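What follows is a short report on a single structure.
Order of writing sets the chain letters: A, B, C, D and E. Residues in each chain are counted from 1.
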Amino acid sequence: MSPILLELIVLALGLGLLLIESFADRLNRNIIAIIGIIGLACVFLLLQFGSFPASEVAGYTQDKAALFFKKFALITTIIVLIMSIDYSDTVRKFVHGITPQAGIGEFYSLPILTCAGLMWMASATDFVIIFISLELVTVSFYTLVAFTRRNPASLEAGAKYLILGALSTGFFVYGITWIYGITQNTNLTSIAKVLPSIPVSNQTGLLFGAMLVIVGLGFKVAAAPFQFWVPDVYQGAPTPITAFLSVGSKAAGFIVLLRVLEAFQSLPAIESKLSFAIVLLAAATLVYGNLAALPQTNFKRLLAYSSIGHAGYLLMAVASFGALDAGLAVVVYLAAYLLMTLLSFIVLIIVAKNSEGDDITHFNGLSKRSPFLAFSLLIAMASLAGVPLTAGFLGKFLVFKVAFESQQFLLIVVAIVTVGCGFYYYLKVVRAMYWQTTTGTQTAIPVSLLSTITIGALVVLIFLFGIFPQLGAGLLS
Amino acid sequence: MNVLVHLTYLGPLVAAILILFGFAPRRTAITGAVVGLISSLILFLGYDHAAGGYQFTSALALVPAWDLKFYVGVDGLNATMLFLTSLVALAAAWMSPRTEENLHRYMACVMAIAAGAAGAFASLDLFFFYAFHELALIPTFLMIGIWGSGNRQAAAWKITIYLSIGSIILLVGLIGLYLMVPDKDRTFDIVKLQAMAAHAVFTGPSANWVFLLMLFGFGTLVSLFPFHTWAPQAYAAAPVPVAMLHAGVLKKFGLYGLLRLTLPLMPEAAHNFTWLLLTLLVGNIIFVGLATINQKQLDLTLGYSSVMHMGYIFLGLATTNLIGVDGAALLMLAHGLSIAALFAISGELRKQTGTLDYRDLGGLAKSMPLLSFLFGLALYASIGLPGFANFASELLVFFGAFKTATPGAAFNGYQIATVCALWGLVISAVYMLRAYRSIFFGDRPSRWANVKDVTLGLGWPVVLLLAGLIVFGFAPQAVLQKIEPGMALFWK
Amino acid sequence: MNSAPWIILFSPLLAAAVIVIATQPFKKLSSYVSVAAVAVSLLFALTVFGSPDQDVSFNWIDLGVFQVRIGYLIDGFSKMMLLVVTGVGFLIHVYSIGYMHDDRGRSRYFAGLSLFMFSMLGIVLANNFIMMFIFWELVGVSSYILIGHWFERSSAADAANKALIVNRIGDFGFMLGILMVWSASGTVMFGELTSKWSTLGLGAGYATIAALMIFCGAVGKSAQFPLHVWLPDAMEGPTPVSALIHAATMVAAGVYMLARVYFLFAGSAAALAVVLWIGVFTSLLAALMATQQSDIKRVLAYSTLSQLGLMVSAVGLGVPVSALFHLFTHAFFKALLFLGAGSVIHSLHNEQNMWQMGGLQKKMPLTFWTFLIATLALSGCPPLAGFWSKDGIVAAAFEHNAAAGLVITVINFFTAFYMMRLFVVAFLGSARSEAAEHAHESPPVMAVPLVLLAIPSLIAGFPPVEHIFFPMAEEAGPSIPAMLVSVAVFIAGIGAGFVLYRGKNSDPVSIPLFANRFYIDQFYSVLVKWTQDALAGVAAFVDRWIIDGGLVRGLGGTTWGFGFALRFLQIGNLQAYAFLFGFGVVLLLYLILFAA
Amino acid sequence: MATLNDYLLASGLLFTVGFAGVLLRRNIIIIFMALELMLNAANLSLVGFSRFHTQAGLPDYNAQVLVFFIITVAAAEVAVGLAVIVALFRAKQTTHIENLNSLKF
Amino acid sequence: MPAPLFWIFVIFMLFFGVMVVVNRSPVASAMSLVVCFLGLAALYISLDAFFLGVIQILVYAGAVMVLFLFIIMLLDLKAEQRRRFNLIAMFGGIVVVVLFVKVLVDVCYGFQGGNAVFPAISHNVGHGDTWQVGMALFQQYKLPLQMIGALVVVASVGAVLLSKRELK
């Protein structure tokens, strides 16, 4: 099967759903989501069980990492759609519409198009394709973030994301320009071949270009100091979109970052400087994400800071690129990150819907209102904090391992401190759920069947990954 | 009979899960603990010390590329620790309240802590050795926070954050250890790592750093001075079963790790940092001991005392000779049993009186003869009087420390530390006797006239713990002969 | 292997265990169990007395490279001590049945007593230092339990604590000494050490310090200065306990131990001198204090201190056998004195102040006469037991160290003086209180032991008797001048006491310094307050506010504050974000392009 | 003749002007325009490089294709961006970024 | 292109670029942007990129800028009022910009070979550059082209969703 078909199927699915949306007025919009979920699941199965020959298209690869990230994007989108169903009431409330279902269909189908972009990013090894898929993702996120436009916060988030996103695109493009200018190529494979013959006098320009590319990607993965949009946008955006941003967009950023760095490995003079840059970014990101999270009182914002913090750990693995399992560490960490972050968001959506707010105090007494949700979120928090026998630990373990292996002792010291911080702010949520008593409404929280299954599956997966490390170790094989 | 080792942690773990799924909390927990106890007892008794080595092993390869497997098995040392764990777990389960809001959650947490400890001791693979220990972290946080007393929230935060940082330092240390092995031989298998120690794999300057990471990592978990301040407050605030399990068992994890990994694998680095360890352990004994004297509440006294007694175990470890190390191992068992008994008793006391403040209590021996008798025994054990296992082990520790000396020469660091440790025995007598006197002796304020004594039906776990202390106090050889073959591989 | 010593040793332990586990609710049964056990021990002690010397042991702990052994060493010393301990012990057990008849905690009492017998016999039988240390600690515990028997009384509870803690301080030195000896010689067995110690070629300093550390143990257990303060307070325990533990046996353990390990001291003149002068000083101090006490048991306690001091000084003088001989005789008459005092106290309903007594001669004749015998024996009246044993010490003192001899003579004078004072005030004259008016003789179960103890008090000192129990003593001819001096001192002391106190209703002499025990206890409480408690306060403060508050919380707080500050970068202004973004880009470019 | 460096410098300066606009202006529309300047600056460089890297006597058209894509993407971005700004204006009656400060800390 | 002409267009472009930033009226800014893009198009043409020059004028100066103007009109944006300067922000912004320029100049002039004249190109191949770009686009870059189609769909859907007054 031609590998390119996958994205096209997803794209067709998305467009088809948009068509259904526009022509089937009476149709319950949740059907659209369900179709989307089923369709994506089919693509996932196809991806899982189909065989894909090496790609013949220039700038488009179908290696293990690409396949992994495609699956990653698919799962993320599926879960985001499931969340969106739970979130649709809120969307309805904040969208101008003459019919009650206005905008919901688009809210369900746009993520699928975004997913196609994410999948393209996973395979892209040419700056042209990287740029376009990145922009496809970004532009759809502009829409999605601002989607609930009667909610000023959502608009504000959209505006901030728009301006800062465009700014980072500017730097990114300018960086590509320079890389092209010096290597005369946009294809990463060719660049890697050309690099060793670059004269020393041109290396500054090359480095300049590469740095600007890293800046652009740093923006996507929320690396400090390019992370300032993250808390505001995450807080303002519709929650499923926040989850999508924090998982899908970030992961895509990381795969591109890895591919770019991989290309530059053929010129050690540049590579060492770039990894030094990544070390700086990682340290700053770790410190910023984890420390600034400490005083947070809003759960959604807390997750935003936590997302920055996790970007720090991921960058730590990226910075240790020379180590044996660095790629694996990133992959495993991202897989774990997907499970636990999406789990947190899905619980957040359900709780926020029933508590009229997403502050940590709204989780007070959750253990009484819904032991199931409380326990699931407990697992998510434990995993995010990196408690062993959960997926999060396996990720942290590998990150520390590769960092130690490539002797990133500065990062390790910083990370030790930040892991401690992490325990504090994640357990704040646990504390609210289990120690505190409910302040507001006492009623039990209903959870839909689909969400129950999803939550249950995520919890089980978190444990499975934690207990059977071979699942993680086998992600790239 | 390889399933036995698995039963030691599966008993409590399955119990915890079943409780969460609605089984009768108390009965299930106790059943799980009994399963653990029986299997660990069989392991302990069945361990063939003449044959030595690791027995009852079973392994399940997980990631062959890293040589990561789920590998369990026992030698004398961890058979002993498993026995301690399951005994204390049973006692803790029994001493848990009968009527409590969300009792199922309470018991599940208790069992999870027990399972974590047992799993850590049973594992012969670095990954799971570490991972199991952390299983206790969140339940401890929850239990202190929800069911604790006094300044529970601050205490819960402190213990959790402190231990998590300690653990992560430890994790880095363990990773360092793993990476010190040349690329093709890398393994998480503790047994293989131990075998490598003979080939001087873990030497050189990097060994020093890895050693320090492990020392401080494990040390924090054991409340090595000055990383100890989490312990007293947490134990004071914790519900009884948590205090029993944590002070009695979980804390031993760090010592166990030092004994199993750090010291045997890196004797050279250990030698380089003897001075550091000796200095810190004197801090444990003298400084914390003095601070203990100043405490005005039983729970705090016990908490501090458990920190202080760690100093003796560290002294035994620091000697790195067979006598001291065996003593340390035995002391781990003895201290675990005695501190668990003490916390159980103090819990009962608090249940009856609602306070543990010395200034409020007095003369309770009159109303609670059995409790005061049991407390007396536990106290004697704690201050290291003969007849209890603590004495035999402390004795070995002291002799081990003096074994390092040149006959007739001026005192070396070990001996100076021993002098301090001996004085620490005086200090521990001072605070424990003061505690006993202010609670049980003297005038009885009239408000305690109707305080009810503990019954044997309720207090039998304490009797069991004390019986263990007395049995091993009279016959320490029963434990030592099991431990010794494993120890003799590395120490003389 | 002879099983008799094991039976001697373990039958009291068995009794204690049986009482604790089974017969606690049955007070009478408990007491019989305890008495039966000590009777068994006594019987077997008698059989052992006739058996040959032996040194038997088994490994208690065996690590291959290191063994801890438990065993017994039957020789002249231990045979004698076995008999004294079981014999006196048996009588006191019997006496206790009567004395503790109405006590609620009788079972506990007898369990403690049995435990004590076990521990004491363990010390006697021990053939190595570690075993001795084990039982050494155990006698401390049993003493603690028994002193604190009436735990409701704050004074008793405090006294019990004091006893155990002070003993622990002594044991601190003792253990250290043991470790030093072991470290130097590689063994703790008395048998091996005796032959080996002098051949080790240790430095004089090391040997002396090791010996003195061992001596510390004796200082604690035998209540020598400066650790003597616990013994007078220990009188808070029931009187039979005072008789058995704090007069006849346990406190003598220190002396017994010194005699056992005399080889450690033999080579070190300095160590011997310290032992001698500590003993002499304690003895003098205690004798002076005794002259001003009004509590009948306290007088006896100080007298015990003083006599123990004599024994210790005898060891210091190089005559351990004399020390043991005095221990031997002292056990009888001091036990008798205490039991007599107990009889009086019991009869006067727990009145202990001797100024509230008087006129007991008619009402309690048996007690009166036996007490008189014991008083005279202690005072050194020839030819009673005390005369002979003290004489040996005085003679040795004059032989080896005249200064010490002189002081000892003075002590003996005061001994006779305060004993006479006690006797005159408590028994003679007229009844000075309601209770004394209605005093009556004690029941036979208490009276018979008095009589049985009076006999050895009378005869135990005679040289033939001495020869039975001390076959190892070298036959030094009686020193006539020393004897004369002793007799003179005795008469002077008795006379002075009799004259000064006859018919008095209150103390005609008041020396606050003596009455207040030289203010040593006060000094100690201040010392403890300003050292231990102050240090404890400082440590707790440092722990709470500097390590925990400053470092731990400080670091935590700093991190948190840093996080709090970082949030102010996140001010919500888009332009600020853009600026920070640009600043980050520029900074990074400079760092990477130009700096790195 | 103007050299490549001159073009690059001109492009760089244009980029900087755009960047300065983002940093200094408060009106979100103008900021957006400034962002367009930045993208176009990149385009200028690309075209310059394209001309510089001649292949067989022809400019490197790959770069020009990239420029084409960038222009398209920029147009798409402008469409969505302006839609966001319109929605924002409708909700808040302002396009000034100082008024976008409800999300912070 | 002869140097004087080049410099004229550069200055033209940069001047109006600066005008975009400094004009207080949004309309004036937008108009300046159009002019700036015209200059840019001229530079493209000077680099023999005729197709791009035309596209630049059609798409940018034509469509995009009209969109901008249209929105400005629609929202009826007034000239920005003169307000007190936030000195710190101003200073900070200028510092950052100046430093960035410094980096740029260093990098640009470090480029090897950039000071030589452009290599000559042959104008007589037969096909114009539009053909060349088109061939590349539809052969070599057909995948990105499809992607950009998706991008445009997403953008148009997004624009509708966000700006339509009432959704149905």
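Here, contacts are C-beta pairs under 8 Å (C-beta built on N, C-alpha and C of every residue); 3 or more make two chains touch, one makes a residue touch a chain.
Only a predicted model underlies this, so the values are computations on that prediction, with no experimental measurement involved.
Colleague: Enumerate, in label order, the chains that touch chain B and chain E alike.
Modeller: The shared contacts of chain B and chain E, listed by label, come to A, C.
Colleague: Please list the single chain whose C-alpha centre lies closest to the global protein C-alpha centre.
Modeller: Chain closest to the assembly's C-alpha mean: B.
Colleague: Please find the two chains that have the most C-beta pairs touching each other.
Modeller: Summing C-beta contacts for every pairing gives the maximum at D-E.
Colleague: Centroid of chain C to centroid of chain D, CA atoms only: how many Å?
Modeller: 95
Colleague: Report the inter-centroid distance (CA atoms only) between chain A and chain B in whole Å.
Modeller: 42
Colleague: When the C-alpha atoms of chain B and chain C are each averaged to a single point, how far apart are the two points in Å?
Modeller: 35
Colleague: Go ahead and note the Å separation of the Cα centroids belonging to chain A and chain E.
Modeller: Computed value for the inter-centroid distance: 31 Å.
Colleague: Please output the residue numbers of chain B that touch at least 2 other chains, ranges allowed.
Modeller: Only 161 qualify.
Colleague: Going through chain A residue by residue, note those that touch at least 2 other chains and give them in order.
Modeller: If we look for residues of chain A contacting two or more partner chains, we find 128, 132, 135, 139, 142-143, 146, 149, 158-160, 163, 167, 171, 178, 181, 204, 208, 231-232, 417, 420.
Colleague: Considering chain C alone, which of its residues make contact with at least two other chains?
Modeller: 567, 570, 572, 574-576, 578-579, 582-583, 585, 589, 593
Colleague: Which two-chain combinations qualify as touching?
Modeller: Those chain pairs which touch are A-B, A-C, A-D, A-E, B-C, C-D, C-E, D-E.
Colleague: Quick one: in the complex, what on chain D touches chain C?
Modeller: 19, 22-23, 26, 28, 31, 97-98, 100-105
Colleague: Taking the touch rule as given, give the residues of chain C at its contact with chain E in the complex, in rising order.
Modeller: Residues of chain C touching chain E: 575-576, 579, 582-583, 585-586, 589-590, 593-594.
Colleague: What residues on chain E touch chain C, complex-wise?
Modeller: So the residues of chain E touching chain C come out as 89, 92-93, 96-97, 99-100, 103, 106-107.
Colleague: Quick check: in the complex, which residue numbers of chain A touch chain B?
Modeller: 367, 375, 378, 382, 385-389, 393, 396-397, 400-401, 404-405, 412, 415-417, 419-420, 423-424, 427, 430-431, 434-435, 466, 468-470, 473
Colleague: Which residues of chain C touch chain A once you look at their complex with the stated criterion?
Modeller: That would be residues 559-560, 562-564, 566-567, 569-570, 572, 574, 576-578, 580-581, 583-585, 587-589, 591-593, 596 of chain C.
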